[in-house]
Each structure stands twice: as C-alpha cells, then as structure tokens.
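Read the structure below first, then the notes.
In this document, chain identifiers A, B, C and D correspond to the written order of the chains, with residue numbering beginning at 1 in each.
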Amino acid sequence: MNRFGNLFQVMVYGESHQKAIGVVVDGVPAGIQFDYDLIKSDLDKRRPGAVGTTPRIEKDEFEVTSGIFNGYTTGSPIHIMIENKDVQSKDYSNLVYHPRPGHADFVAYKKYHGFNDYRGGGRFSGRVTAALVAAGSIAKMFLPFKFTHQLIQIGTLTDLSKMDEYLEKIGNDKDSVGGIVEITVKDIPVGLGEPFFQKIESVLGSMLFSIPAVKGVAFGVGFDGVNMLGSEFNDVILDDTGKTKTNNSGGISGGITNGNDLVIKVFVKPTSSIRKPQETFNRKSKETQTLEIQGRHDVAIVRRVGIVLENAVAIGLADLYLINKAYE
Amino acid sequence: MNRFGNLFQVMVYGESHQKAIGVVVDGVPAGIQFDYDLIKSDLDKRRPGAVGTTPRIEKDEFEVTSGIFNGYTTGSPIHIMIENKDVQSKDYSNLVYHPRPGHADFVAYKKYHGFNDYRGGGRFSGRVTAALVAAGSIAKMFLPFKFTHQLIQIGTLTDLSKMDEYLEKIGNDKDSVGGIVEITVKDIPVGLGEPFFQKIESVLGSMLFSIPAVKGVAFGVGFDGVNMLGSEFNDVILDDTGKTKTNNSGGISGGITNGNDLVIKVFVKPTSSIRKPQETFNRKSKETQTLEIQGRHDVAIVRRVGIVLENAVAIGLADLYLINKAYE
Amino acid sequence: MNRFGNLFQVMVYGESHQKAIGVVVDGVPAGIQFDYDLIKSDLDKRRPGAVGTTPRIEKDEFEVTSGIFNGYTTGSPIHIMIENKDVQSKDYSNLVYHPRPGHADFVAYKKYHGFNDYRGGGRFSGRVTAALVAAGSIAKMFLPFKFTHQLIQIGTLTDLSKMDEYLEKIGNDKDSVGGIVEITVKDIPVGLGEPFFQKIESVLGSMLFSIPAVKGVAFGVGFDGVNMLGSEFNDVILDDTGKTKTNNSGGISGGITNGNDLVIKVFVKPTSSIRKPQETFNRKSKETQTLEIQGRHDVAIVRRVGIVLENAVAIGLADLYLINKAYE
Amino acid sequence: MNRFGNLFQVMVYGESHQKAIGVVVDGVPAGIQFDYDLIKSDLDKRRPGAVGTTPRIEKDEFEVTSGIFNGYTTGSPIHIMIENKDVQSKDYSNLVYHPRPGHADFVAYKKYHGFNDYRGGGRFSGRVTAALVAAGSIAKMFLPFKFTHQLIQIGTLTDLSKMDEYLEKIGNDKDSVGGIVEITVKDIPVGLGEPFFQKIESVLGSMLFSIPAVKGVAFGVGFDGVNMLGSEFNDVILDDTGKTKTNNSGGISGGITNGNDLVIKVFVKPTSSIRKPQETFNRKSKETQTLEIQGRHDVAIVRRVGIVLENAVAIGLADLYLINKAYE
C-alpha cells in the first residue's frame, strides 16, 4: 500500500526513528542524466530553518545505491536511502497511552495491534516525505515541464510579507497554524491523464492526500468557483493550442490536461503538535488528562511542505506522461 | 485506466451514445444477499426530474449477467449493464471543430487522434456515472456503515429552501451553477486506510475526482480550517472508542479512520453546457466564433450528483474494508 | 483478481450457466480498425466439432457494446459480451455433495462457503475462455507479429495423422487424454519484457496458467533442455539483428525478447470429465461412492484449446508491447 | 515492473556491481516475530561452496533499516539491503560489443539504448535473487506451511549420489549443465488462489519465471502427464479434508489449493557462462568471433537456486494467503 504508479512506480519505506527512510523509484527511462544537485536542493527546500519551523534539523544526506551508471540512469530501479541521524532517544512510550490529538497515535495503536513504532510518529511522521521529495526530483529530471509552488495563505494571514512576525506570535502562544499552497506546472502538453479513474485530478489528488496534514485539494479556482455562474466559470478556448482566456479549471478539461498551466490548491491543516496543554483521553487511567507535548515541532509545517507537494505532483505527472507516450 | 481497487475492483466501460454502459465489480465476498432494489433506488436518485435537471430521462434499466446465484453473490465478478436508450441521434459532429468550453471535446480530439466518439460527450459524459452508482450499491450491500449525502450550497445559495426558485432563474438566464455536497459515513470502525499512498483521503480523493465536474475535495472542515489555530483544529479524544469532542478532521487521523463520522466536502463546478451563446475557437475556420449549445442539459448537475459521490465513497471504503480484514 | 495487465488491461467475467460471459478490454490504442471477422474466426477455432470434442455447441455470437465508433477503436474500454444460449438446465446439484475428481467442485464449495454457482463448473468452466479469445483477437488487431499454434502431442500420440482414430478409441473407452501445444510468434522485435517480475516468461506464464487444464509451461526446448550441456544450449548470436543459430531459449534472453521466434510449449492435462465411473468421496454420505459424470464433454479439450493459448499470448504481449513503447 | 503482489508486495532493486541490492517488503502483518536467523540461513543456502558452484563468495550480510520494532514487525514496509562487496573491478566493457550467448548482454544494450550497467550482468545478474530470498524468508515467518525443495535431476544425471563427480567432469570440460528442482509445500489449506488470473499456477508461475535461468514450470506430474489417461490423471477425493489418492495435479484444482501437498517442478537451464570458447557475433567488428568468458561462474547454478525457488513460492503464497483472509 506504500506504492504508487503504473509505469513510473514509487515505493517508500521508513519510520521516523529507525535506521533509515528511503524510496525505490522504478520505470525511470534509461539514459537520463542523473542530477544529484537537484535532489540535494529539493531536499534543502524541505529542511527547516525559517521562523516557525522545527529545530530538528536532519542533514538529509542521501545515498543512491542502484540504477545509475556513469552518471546516467540505467533503466533499473533507483534506490535512494536517507539515514535518520538526529534522532533524540527520549521516551515516547507515554504517547501509546496518552495519544496526541490530531495525531495517528491512537489509530496506529489500534490498527497495528500495539506493534507500531510510535517513536516520533513512526510511519506517520512527516519525516517520510523526504523520500518522496527525492522521488519527485527524479521525475523532474526527465519531465519537460516547469514546476513552482507558493504559499498563498498562512493561518488568517494573506499578506505574507508579515509572515515571520505572525508565526513568532503564534509560536509564543504555544499554538500552530495551517495554510494554503498553490502549485503551478507550466509547459504541459494537451492530453495527459486517463479517463476514468486516472484523471489528472484523481492521480494528483491521490498523491497529494498521501502527504501528512493535507486535508483539501482543489484545481483552478477551487471551492471559490461555487459562487460563479457557468458562463463565468467556462474557460473559453482561444486558439488551436488550446489556450484559454481564463483558467478557472486549472488547466484540465474532462480530467485531461488542456495545454494551459496546471494550477492546484492544497490545504494543509495546522500542525497537530502544539506545546499548549490539551485535555485528552488517557488509555491507561481511562480518564481525560492534560497532555503537554514535548519535542521539537513546526509552528507552521505548511512553510516547509511546498516542495513536498510540488514533487508529489511531479511523481503523478511522470506516470501519466509515460502512459501517454505509449499511445502517441 | 478505467479500473479501481486492490481487492474490491471496479472496471467501468461505456460511452454516452453507444449501445450500453456498464461495470464489472470483482472481489465481492460470496454469500451476500443481492439487493436489486437498492441498485434501482440508488439509480433513481441520480435520475433527473427536479427543477434544474436535464430533460434527457433514461430509465436506467440494468441487467445483471453474472455473479449472482439463487439471490446471493457467488464470489465471481458481477457484471451490470445499462443500455443507452434515450439517445437522440442529432448531429454532434460540429463539436469536433467547434469544441465546447469547459468540456472535453478539444482534449479528447487531440488525445485520441480524432477517433474518440464525440456524441454526447462520449466517454466523458456524466452518463457513465450510472455504472459507478450501481457498483457503489453493491459495496453498500456488505459494508456495515451508514451513508448519507446532502447539498450544502448551490451557486451562491446556502438557504436551500429557495433552491427551485433560484435554479429556475438561472435556467431562464440560460446559465448554470455548481455547488458543494457533503457526504457522511457513520458507524465506521477505527483502522480503515493504509499509509502511505492508500490513506482514506487518497483513496476517496482519487475516487471522487474521477467523477465529472468534481474540482475540489476536502475532509472535515476542509479549506475553512485555514483560519483555525492548532488548538482549535485538533480533535480532542474523549474515550477508548476514539470518539472526539470536535470532528474537524472529518473522522480521519494520519489517513486512518478514527471511529468518528467520516465527513467529506466535494465541490462540483457549474455545468459546462449552457444555452447562453459563448465565443470560442473554431478549429475549422481558425477563428473565434459564437457557439450555441443545443441538446438537453442540467442547470445544476450538482443536484443529481450526490448519490454518485456517496456511492463512489462506498466503493473506496469497500476496498479498504476488505484490505483491513486481511490483517485483523 | 479477474484482471490482467498494466496498460493493455483485460477483465473477464461470467459463469457457465448464467446469462452471459464477457470481457472488458482497456488500453487499446485509438484508431485501430476493428476486425469483427477476426474475433469471429478465432472464436470459431475454439468451437467444437472435430472428433474428440464436446457436443455442446455454442454459437458464440458476440456483441460489442462500447469502444468502437465508425469502425475504429475510440481509445475507450471495449466491452464484448457472449450470451450463454445452449445451457442444459439439468440438475447439477449432486456435484455439490459428490465432487468430480480433477474438477474445482470441491474447492469452490469450500472457498465460497457454498455460494458458488456450481452449474456446469460455474466460474471454473472452460466456457469463460471464449471471452479471453475475443480479448486476444483485439490484441492481434494492432500487434505487428504473426501468431500460430500447433498440437505436437496428444496423449501418447506424436504422429498426429492418426489423431481421429486415436481419440475415437479413447472416447469409446469413456476416457480422455491431454496434450502439448506449441505456440510460435514471429516478427517480434528485440526488447519486449521487463525485468524483474514482468519478464516475457513471467507475463506469458501467468497468462497461460490462467487457462483451465494448463499444468505446464516451458519456453524453447523446455524441460528437454535438462539433457543438454551449456555449450549445446546457448544460442550463438549471428548478426546485429540478434538472430541466433539455434533457438533453444525460445526467443528470450534474460526475460527479454531477443529478435528470434518466440516458442512456447504448453501442457494441457487430460479432460477431467470422463464418462468412466470413478470412486470418489461423497460429502453427504461421508463415504467413497461411484460417480458417473453425465453431460457433454471433450475427450481431448487440448484439441480446441490452441487458439485460447495463442490469444492469451497475444494479450500478454500487447501489454509488454505498449509498455515498451513508453520507453522508446 | 520490479514489483509483485496485491497485499504482500515485494519490490526488488539492485545491479550486480553497484553499491547494493535490496528489497522492500510491504503488507507484512504487524506483530510477527522477526527471525533474523531464518534470513541468514536461507541466504546461506544460496551461497556457493559446493562442487560446481562459483568461487565468487559474497558474505550476504544484510541490513534491515525499517519495519521492525522491539523484535516484531510494525506493519510498515520492511527494507532489507545487501551490499555488493566482493566485486571484481575487471573490465566488462567488451561484452557490450561481444555479447555472451545465452545472456542478456545483447538485449539489454538494445532495450536500454546502451545505458544499462553491463558489469557482471547488471540487473540481469543472478545476484539480485539474494534479495528475493530475504523477502521469501519474511513470508515464511508468518505462513503456517512447511516448505522444502530438492534437486531431482542435474544434467543427464538422476542418481544424485554421483553429483560431485559428475559436475567436476563437466567443469573440467569448461562446460555447464542445468537441472530440475521440485518444490513441495505441506500443511496448506483448501482455498488459496483466485480465479481467473490469480490462480495458484498463475501466481507461482509468474514468480518462478522471474528467476534467471528458469525456462519451465509445471505442477504435479508436469509434462509427463501427457502420457496418462484422464482416468489415471484424475486425483480421486478420499475424505472431507480433500485428501486425494494420487496427487498428479500437484495439490491444485481449478487453480485453487485442494488441501494436498503443493508440488512444483522447475527446469533451470544450463549456466550460460561457460569457459569453453564460443563463436558469436561481435557488434564492433560486425563479424562472428571467438569469445572466451573469464570471471567466476557456476558449472551448475541449479545447485544453488533451490532456496531461491522455494522462497519465491513463499512470496506468491503469502499474497494469496492474505487475500484469502480478507474473504474468510
């Protein structure tokens, strides 16, 4: 269940506090110049450092153990491993009994009959997304599209010039906020996506919802489109390339790319781990008790998640791009 | 690409104006009492009739050709076929040259090198969702959950008591509107969903985005959660069943059901086919020209799509439910 | 579990005595001229008539309900349905208690908790392979390869000029025989097949073993190669097209086609249904009792199965052919 | 294409002379006691040492980087990595031009447009099967079946007491031989396997043909059954457990396990790499030239492959076992 894709296939593994996380990427065409720097710079974008981000700073040194020869992809699966180094071996075991609100602690215990690795969120940690970022970098090495992302709202703040100040205040209140990120893909041809269950929206929706804390995905104008009439919403076609006057549908018609920019909006919920005390159930005492979460956490994980979302989109498009090639 | 699922598998086929649409449903447990009436009543909910819905009224008589014996499922694939009967054989061929804004006409022509069946939208017609509804009814025959859906906004209207009047006005203006539907699933246990790529949100997001006109999917409070603090958003756990004080996360923690109601919000865009004239590109003349869409269309397809969304959710959950059973 | 393929996808449904069997074929390129006659002539090759074949003669009239427009494939799933017409409504219920040796009666009852449709073998009937034949015909419509098959042994008989006489004798003894069929594919390029789990042998082996009564699959010289030395077995390469001096490996190196003829040997076991009385367990009486199988059966099903095997190979190759196209 | 399975999923990566080979195993139930020793002892069985096996002796030290906590499986993917240590950095580049008969050198060059890692056979090396063995060991940790394998023929030799002497002679002749291995699985319940495309034979056939050098797979008596009459071949059922008098069908009826021992015969071709000079095409000179293969090779790889086949069977059965559990 940890794999994705028909041709461009990705399998991620790893838990927050075990030896390593990693990813196997299969279906990469042979002969692609392998860009180690792109992986490094993408991983760096995910690393904390800015105001509102966690003080747990992994170096994210990655190792490529297969699939590259003389600097080019061989056509064999590429395995990338990232060791977990900055692991603080404090005792997480109280979370088994006193599960954190908004976290997977409670459901993981039930689902895995008590055998899950609960340290640092285990399999449910955002840490695992580093592997996804690396897989997305590989997709970007052969896709002839341009990917960007930007934060468009953080908490109630839309004027993002005031972000540092805003997050500092939230952090001082021992609280957290979420945000909305917009991903844009340019230079994308007409025809990617497959009806019925592999529409662009289905494939990218599935990918994006895999990322921890994502609770909403919308294309083009998104939910705001509910206030528009059909005559306003419809994107009028202007020429034979498919270029449209507006782009309310986010570059997609009938689930297929229509030649305009792909535009995706993603809602990332407020970081679950807050330092503010919370009253929540304790499975041992069978009572509601105050929980104070220790550890190092992001005030606004949304500030770091942009590259994860962008690269997740790249993975989804890589699969659809290769499928489309089979039918050209 | 027209199939879904690991264990509960669904494959849909059909085009709007060919002989039939249908679905093969595989992985249904043997020994389930087959409820023909449920399929009939679910299909009826999708049929038009209300203000703002199309006058093309198919009877949706379905035929079950395999997988049922003595009134019970046999464990073999179930094939359901629905013939296309109320097909108006008017000439759709001008749409090949003069593609409708908001429709798949343009991309389908390009993607299928001109060989797609363009009549009535062909493969991209909402008609195909009747088959999906039938598959969802089968899922509901063995899932011990309660499914409901409700329209919560239509166009700018949130007081839905005024819906008929509102849609009549929109229809008179030869225009259309979209809406937001909320699906709720009750009595769902802790533990459905699989990290990483088969989280509840991923699987249901993928399913829901497969349905024509869906442009946004969100869970729990959805995008509105951006205005909340972590301390407000976090759902505090109250007891050992996992019951939470609030349900902002829509019954899901870490991608896994947490024992609370599953709550999903879906944005359905305004119907693309409007009778109002639109200026759009004509591939033959190489110029922008006025297009007047004939035919029978919904002013607000969102009014009929609720059961499709509900049953799509049932399909996704059926797969996760069976997967979960393998590990109990 | 009734589906096959990554790009060229096939889903078969149906039971021997229900309304219909059929197949949905997805991933067929758009713009292929649809050859109804090929399907008809392939289905005819599977039909009985010769000495040693069953007197149940279905007309195998098939109906194509979707995916074809103006005589060409549209790129949408193609659904082909074949109604079960010559069904003799005799009572099969004693087989539930007194299962036939060599048949699935016993295991089907256990696996499906008694809900399987046991009439005529139900899902396990060879009847279902008619749908597979039709799917294979579609594959052959766009694959630029030449497919043939031939019977090379039937029972102990290798001089097949004496086949009718031989089978008549076996039939008079109320017994049955199996055989070995060889399938050859010519004009196949270098490079089809994917390591590790989608080698030519894996994909075709999987397909061929899906066909009832197939108990052995081998490539090139097959099991006889055990008596050869490496220096005899190795196929020496002669030129830049990959042509080899011998073809002991059946046109495959490392799981990938090597440009020589693909050669596959398939062992089909003797027909299980024999008219000779057999002593076998009766679940009702809890004793071993004499079973006399009534009904219409093949003395040598192997005589009809060649086209099924050939077309199964075509389905497998179609998938690998399209996958390969994505990487050219 | 390097993955296998619906629930119990395996993805293998690695090339012979790169940093590491490995496997990600997903879908393992949580709470299984992890048996490092079983992996070690299974890997040891694959290692050379006996007469007729290669002098390249890897220690096969494996590292488990995820999925285990406190000695038990967590329900998350398990990643096992085996570093390539005993790599001899000699020059393999002549094989690009002068491809070895019976090897993938020629097809790999064509398929991967010259970018494949040709050193030591690269992706096509038998080396990769070490990862498969480890995955199979994991399957055996929770499957309640007993697995064994035995060599039943090597070259023309069936009296295996004379094996060492025989192989020494073949080795002195700079030649190689193949063989036949029989795998047996005991204590297997009725009901594993899924019609149509996931029959026991399909799933295990697919798995076994993935293993380098396997050119034939048969169940029960295998191809020899061609000489039997139906009345001889049919396995008569003796009691309510499904026990049969004979086991010609190898424990499988209709593609489903029938409660008797699963018996599988596998033909492994003679090792392709022989030290005897061979005349074969040289792509550079465009002429047939003598090739003398250097390096360290097995005279009879079949002597080591038994555990690989056995564990491959375990992987296939693990998937079918979990699928079956979902429907119990």
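Simple rule for what comes next: contacts are C-beta pairs under 8 Å (C-beta built on N, C-alpha and C of every residue); 3 or more make two chains touch, one makes a residue touch a chain.
Values in this document were obtained by computation on a predicted structure and should not be read as measured data.
Student: Measuring centre to centre, with centres taken as mean CA positions, what chain is farthest from chain A?
Tutor: Relative to chain A, the chain with the farthest C-alpha centre is C.
Student: By the contact definition above, name the pair with the higher C-beta contact count: A-D or A-C.
Tutor: Most contacts of the two pairs: A-D.
Student: Quick check: how many Å separate the C-alpha centres of chain A and chain B?
Tutor: One centre to the other, that is 25 Å.
Student: Just give me the whole-number Å value for how far the CA centre of chain A lies from that of chain C.
Tutor: Here the centre of chain C sits 44 Å away from the centre of chain A.
Student: Provide the C-alpha centroid distance between chain A and chain D, rounded to the nearest whole angstrom.
Tutor: Each chain reduced to its C-alpha mean, chain A and chain D end up 37 Å apart.
Student: On chain B, where are the residues touching two or more other chains?
Tutor: 1-3, 6, 12, 30, 75-76, 111, 123, 195, 323
Student: Which residues, counting only chain C, touch chain A once they are in their complex?
Tutor: These residues of chain C touch chain A: 6-7, 29-30, 75-76, 195, 322-323, 325-327.
Student: So in the complex, which bits of chain B are touching chain C?
Tutor: 1-3, 9, 11-15, 18-22, 24, 26-27, 30-31, 63-69, 72-79, 81, 111-117, 122-123
Student: Using the touch definition up top, name the residues of chain C that touch chain D in the complex.
Tutor: These residues of chain C touch chain D: 1-4, 6, 12, 99, 101-104, 106-108, 110-111, 123-124, 128, 153, 155-156, 170, 173, 175-180, 190-191, 194-199, 201-203, 205-210, 212, 214-223, 225-240, 242, 244, 248-250, 253-258, 265, 267, 269-272, 274, 276, 278-281, 283, 286, 288, 323-324.
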